[in-house]
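Each of the two complexes below includes chain A, the first together with chain B, the second together with chain C.
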Partner chain A sequence: MTVVVNRAAMAVLTLAGVAIVVFVLLRVVPGDPVAMMISPGASPADIAALRAHYGLDAPLLLQFWIWLKGAVHGDFGISISLHLDVMEVLLNRLPATMELAVLALALAIVLGLTVAVIGTLLRGRAAEAVIDGLNGIFLAIPDFIWALALVLIFAVALPVLPLTGRIDPALAVGFATHFYLAESLLTGRFTVAANILSHMAMPTLALSLPLAAVIVRLLKAALKEAMLQDYVLLARIKGFSDLRLVLQEALRNAVGPTLALTGVQFTFLIGGTVIVERIFAYPGIGNLAIDAVINRDFPLIQGLVMMFGLIFILINLAVDMIVAALNPRLRHG
Partner chain B sequence: MPDFTRRQALAAGSGLIASLLAPVRGARAAVGETLTIAFNVNLPSFDPTVGPSSVNPTIQAIYRSVFDQYIGQKPDLSFQPGLLTGWGWNDDKTKVWMDVRSGVTWHDGSAFTPEDVVWSISRIGKPDSGNPVSFIWAGINNFQVQGNRITADVVQYDPVLFKWMAFLTGYVLPKAYYEKVGPQGFEKQPIGTGPYKVDAYEGNAYLRLKANPTYWGGKPAFETVVFKFVPDATSRVAEIESGSSDVTLEVPYEEYDRLKAKPGLKGVTTPISDIGMIFITNVAPMLDKNVRLAAHHAIDKQGIIKRLLRGYGVAIDTLEAPQYDAFDKTIKVPYDPALATKLLAASGFSKEKPVKFTIQTTRGFKPKDYEMIQAIVGMWRNVGIDAEIEIYEIAKHFELRMSHKLAPAAFYNWGNAIGDPTTSTGFAMFSKSPHSAWHSDDLDAKIGPLWGEKDEKKRIQGWKDVDRYIAEQGYVIPLLQFTQPILFKADLKVTPNVSGALQPTLVTKAS
Partner chain C sequence: MVEVSATRRQGSDTQATRPTTHRPPSIAARLLADRKVVVAGCFLLLLIVAALGAPLIAPHDPLDQNLMLATLPPVGFADAEPGYLLGTDDLGRDVLSRLIFGTRVSLTVAFIAAGLAALLGSWLGLLAGFFGEGIDSLISRLVDVWMAFPPVLLSILLVAVLGTGLHSVIAAIVVIDWTRFCRVVRTETMAQARMDYVVAARALGFSRFAVLFREILPNVMPVLIALITLEMGIAVVVEAILSFVGLSVSSDTPTWGGMIAEGRQSIHQAWWVLAAPLLALFATVVAFNQLGDGLARSLDPVLRR
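Showing the complex of A and B:
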């Protein structure tokens, strides 16, 4: 209980720190939103009126206080560029990114786990070197390069996958929530779900491949180490097959450290959505963030940063809890 | 949650896989009743009268699809009746009159009235409205409506008032509907009188429009128009190459040349009302006229267009493009490196002892912007100018320009879709404008009287004289008029728009 309270207190402090830093940074770095929209003929009075209209005329501390008062009640203000409530915009866009990130994570785990197990089974052979070499290449290529490569392959050379968006605009009707994929699957609208999945295929793959490579490297190293332990040797003497040794004996002990690091890497994956969503014109919070920065939309940027901060804190908390649940030594102190 | 039998689950699964593997629209699929445009910017807001998107020239293509402007504009920048069928001033320019089109309805079926016009102008004329050009709309007040004619008093005479009615933020919004739903309600469900109705919208993804069957200008050519928001140029190239979109724009010129040669695709380019220029700020060493003029004469604009932009662009020597009202082809600042060297020598500078300053530029904001500045810096080096390049974001440019803190030289692009000299030379060079960089009394004295000049011929000639003076003094370095590339499927016909707005109404099926 104490641990949970401590972590919650830390989370609040972290978010408060993030809020202050982003608020000050936005107003210190060049790029005044009013300068971006004033007309060439605007007089100083016109500029002052526009600044007042967006609440940017008050002293910095007062601006922060007003924003903070609203933020603790979930009110992040009105977006300068979208003219909509920031919280509403974030809640509308977050599901798109969450579906993409979760799908990419799931794919990365499946790919990473499979290749790591195969690599472990092939240890000491030439094929292991091939797997390690290829994995090294996958590790070195960032998600946005994968995105561009996938565009060339699956959208231009072999146009089998849709390139942009989240769903075919002709099918985009009648969603009760913003979790399009989950909703269409749960309501049995499989044609719609397939269309959404086909739109998500390339961004998912682009995001998952680098993470899968990280999982392969970590898990394979842990598996190889586990395969040398006495309990594995004992199981081998009992006549267990290699595959059974890896899956039943080694994997359970090797997965802990990998899981912890995968959690950390998942936060990087979410960070990667910013560029990947842009390339695929995917309407998540990453794509939104780029427009917010271009337009110097202060309320929206502040809301986005707070949301990203909260997501990262929650992921780290969830990973800690899962690792503790899987590891009896941590669970019992 | 529905219950599934194993057979249903298997069928659904195979359907899911089959749908996933089904090819997307064939690369050369014929255009049907839906026109899909891979658009280069996102649409942040539906209100065309307030906020940053209201002054974004590219987005006007979408606004003009849903809303109507007071006064319409043809693709060659000339004006035509819009929601106003007639307009003008009284003899002493103390009053304006506007005749409102009758028989027009809003997308919700309600009638469009002169009150909508009065309310629209009054609303954005208030300084606290969030309209970036409220000073224009505040120039008339005390509206009187008699039948379909509106008259108003002129508070501040502005010869460009009616041109602004076809320009940024010059849109008529529905008074009754807007007041009923409020600003946020309007964002969620906008209505206009335009050729298309908003059918579905997902920010950063797409906008789906349906034809307005009762549009006063006639039913549009396509039943459905989809704008896909694809800001990444590589993705736009892939969209048109794969056949996923029917039309796209603003792709790299290399890709334009490659794709227009492919079977099933066509391309069109047109010089648009967007120019590349170098602002000169009145700080050392630019206070020296010889340095300013040398910097201009040393630039081979044709060479830049030919080698960097593959021939796409039009060299200019004033801030007026050939389609603008005050364009004067006799004003020339020729490429003459020998003259540049001589001018610099007169001020004590040479290749061995160069004059030094910083030039700021964006990178990737406009086609080959950074590469152009690199080339210019190379040309300058050959005559005795040692310029250091500083890259900045466009947002920083705006802030520095507003606070008059730009470097001695700064690259920028200037749009002027109504082609009037006030909205190019005027606002770029008059020191009271927050968007000007060169501030000097001599120039202000020449520009000042032109703002309120009531004789149109005299006004335009006055601006031409100002442009000539600026060229002689070297107060700015105009570079080129940008050319907009548009790619489309061969079974379409696209009429290019000099304003740069790719409006769906300018796309038809090829006969």
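Showing the complex of A and C:
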């Protein structure tokens, strides 16, 4: 229990550190965000008024204090480029990214688990070397390259999947929440869900393949190791089939270490949504982040970085707790 | 000090030349026997030649626009022009020439960014690993906090702060990825610092810095070289991503990432504008990776055993 409390305290401190770094970093930017908003004929008085309107004329420390006070209450100010409440924009966009990231994580686990088990069953054969060699290449290829390769395959060579967006605009009506996929599945609107899934297919696959490769490497090594243990040998003497040995005996003991690293890798996957959402014009917070940077939208960038920071910290915390729960030696720590 | 390292080297040599055992092949021979390393190395050499000799090799000026010759497909497809091997983009610029000139930005970033990140990270890693205690916990804590920051977001944030351009791209990569070097070099230095030869050198009265740089550093070097090679592959991708988003060099310098962005826009008119730089990027990343893995296998004494 103390472990969890310590971790939580560290998480809050890290988040505070991130807030300070981002705030200071953005205040030394040479470009003036106001300069990008004004029309060419604006007078110096107009500019000063605009700066005052966004609180950019106050001293740095005061600006930070005002921002921090708001941030604690979920108020990140008004986006300069979108003229909307930052928190509202983030909450509207976050579900799209969450659905994408969770779907990609699930796909990566299924793919990684399947290939790792098949590779373990084929251990020592030529096919295993092929799997290892291919996986070595898959480990090197980032989601950016996958996403564009998928564009060439499924939008150009074999145009079966929609290239951009999250859903056909004609179908994007009557939603009570921004969790389009979850909501359409729960309300039984399966044609709508299928349409959303077809839009998500390419970005999901691009995000999941690098993570799947990591899972294959870690889990396959752990499985092969576990297959040499005495208890597996005992089960083999009892006449269990190879597949049953892998799935029932080895997997249970091999999954722990893989899980811990999958958590870290999941944060990389979420980082990858930034560029992958961009490529597919998918309306999540990743795509929003690039627009925010290009537009030098300070309040939005701050809100986004805090949101990403919070997500990463929560994932790490969750992984720590799951690993501790699975490990009897740490459970009573 | 010279004697110490000489004995060490001799030590492994005598073991190797004992009449009953075969002398293990030299590192060069081992590398040349590794087919993946040879293929990857040749490809990367070709890239370096292309980058250095771009004006001589490229069949056209990479910036020459010719709307009469826009969106020509690569040779082998209908309506192709033989002078334009990989076709042209929607402004009629030669894709092959742009690809060749694009290697310049990619390799510049790869070498400088990976080199600087290695310099910064391994310097701190050596200090943390060798001196331990206060210095170690300070540097390790810094690494932990640093790595808590999402890399993609940090790189975009940094480039936005520093302004666009090659120097910002390089700075972003160095600022983010020095931690990779720091962590590995720290662990490696800690392991080396416990070895007998280090204790011997200290006993002979060499200063701590002499031991660190003349004894430990050469032994950490193999791991470092492999790591730098892997980092180059990462740097090439990061540059491509930032060019793709429009945050790298200005758009009148041909880059693979810039070409990919243009190709993504004209995907339904000219798929080859995207396919060509994407394949180049893919091959480069895989080559750096295979070379790095191969180097790690051949150079790392732990893996070699």
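Here is the rule we use: the second predicted complex is superposed on the first by the 321 of 333 C-alpha atoms of A that agree within 3 Å, B and C clash if a C-alpha of one lies under 4 Å from a C-alpha of the other, contacts with A are read in each partner's own complex, and residues count from 1 in each chain.
Everything below uses one rule, namely that contacts are C-beta pairs under 8 Å (C-beta built on N, C-alpha and C of every residue); 3 or more make two chains touch, one makes a residue touch a chain.
Not measured: the values here are computed from a predicted model.
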When chain B and chain C are modelled together on chain A, clash or fit: clash
Partner chain in contact with A:287 - chain B first, chain C second, else both or neither: first
Partner chain(s) touched by A:296 [first = chain B, second = chain C, both, neither]: both
Touching partner for A:43 - first (chain B), second (chain C), both, neither: first
Contacts of A:52 with chain B and chain C, given as first, second, both or neither: first
Winner by number of chain A residues touched, once chain B and chain C are compared: B
Partner chain in contact with A:187 - chain B first, chain C second, else both or neither: first
Which superposed partner A:136 touches (first chain B, second chain C, both, neither): second
Partner chain in contact with A:228 - chain B first, chain C second, else both or neither: neither
Chain B versus chain C as contact partner of A:195, first or second or both or neither: first
Partner chain in contact with A:271 - chain B first, chain C second, else both or neither: second
Among 255-263, 273-281 or 453-461 on chain B, the segment whose C-alpha atoms clash with chain C after superposition: 255-263
Chain B and chain C contact sites that coincide on chain A, given as residue numbers: 30-31, 148, 151-152, 155-156, 163, 278-279, 290, 294, 296
Interfacial residue positions of chain A with respect to chain C in the complex: 14, 17-18, 21-22, 25-26, 28-31, 136-137, 139-142, 144-145, 148-149, 151-152, 155-157, 163, 267-268, 270-272, 274-275, 278-279, 289-290, 293-294, 296, 301, 304-305, 308-309, 312-313, 316
Chain A-facing residues of chain B, complex: 1-2, 4, 12, 15-21, 23-24, 26-27, 34, 38, 42, 44-45, 47, 50-55, 127-130, 132-136, 168, 183-184, 187-188, 200, 202-206, 208, 224, 226, 228-232, 234-235, 238-239, 241-244, 392-396, 398-402, 423, 426-428, 432-436
Complex interface listing, chain C residues touching chain A: 145, 148-153, 156-161, 163, 233, 237, 240-241, 244-247, 260, 264, 267-268, 271, 274-275, 278, 281-282, 285-286, 289-290, 293
In the complex with chain B, residue positions of chain A that touch it: 30-33, 35-43, 45-47, 49-50, 52-54, 78, 80-85, 89, 93, 148, 151-152, 155-156, 159-166, 169-170, 172-173, 186-188, 190-191, 193-195, 197-198, 201, 277-284, 287-288, 290-291, 294-297
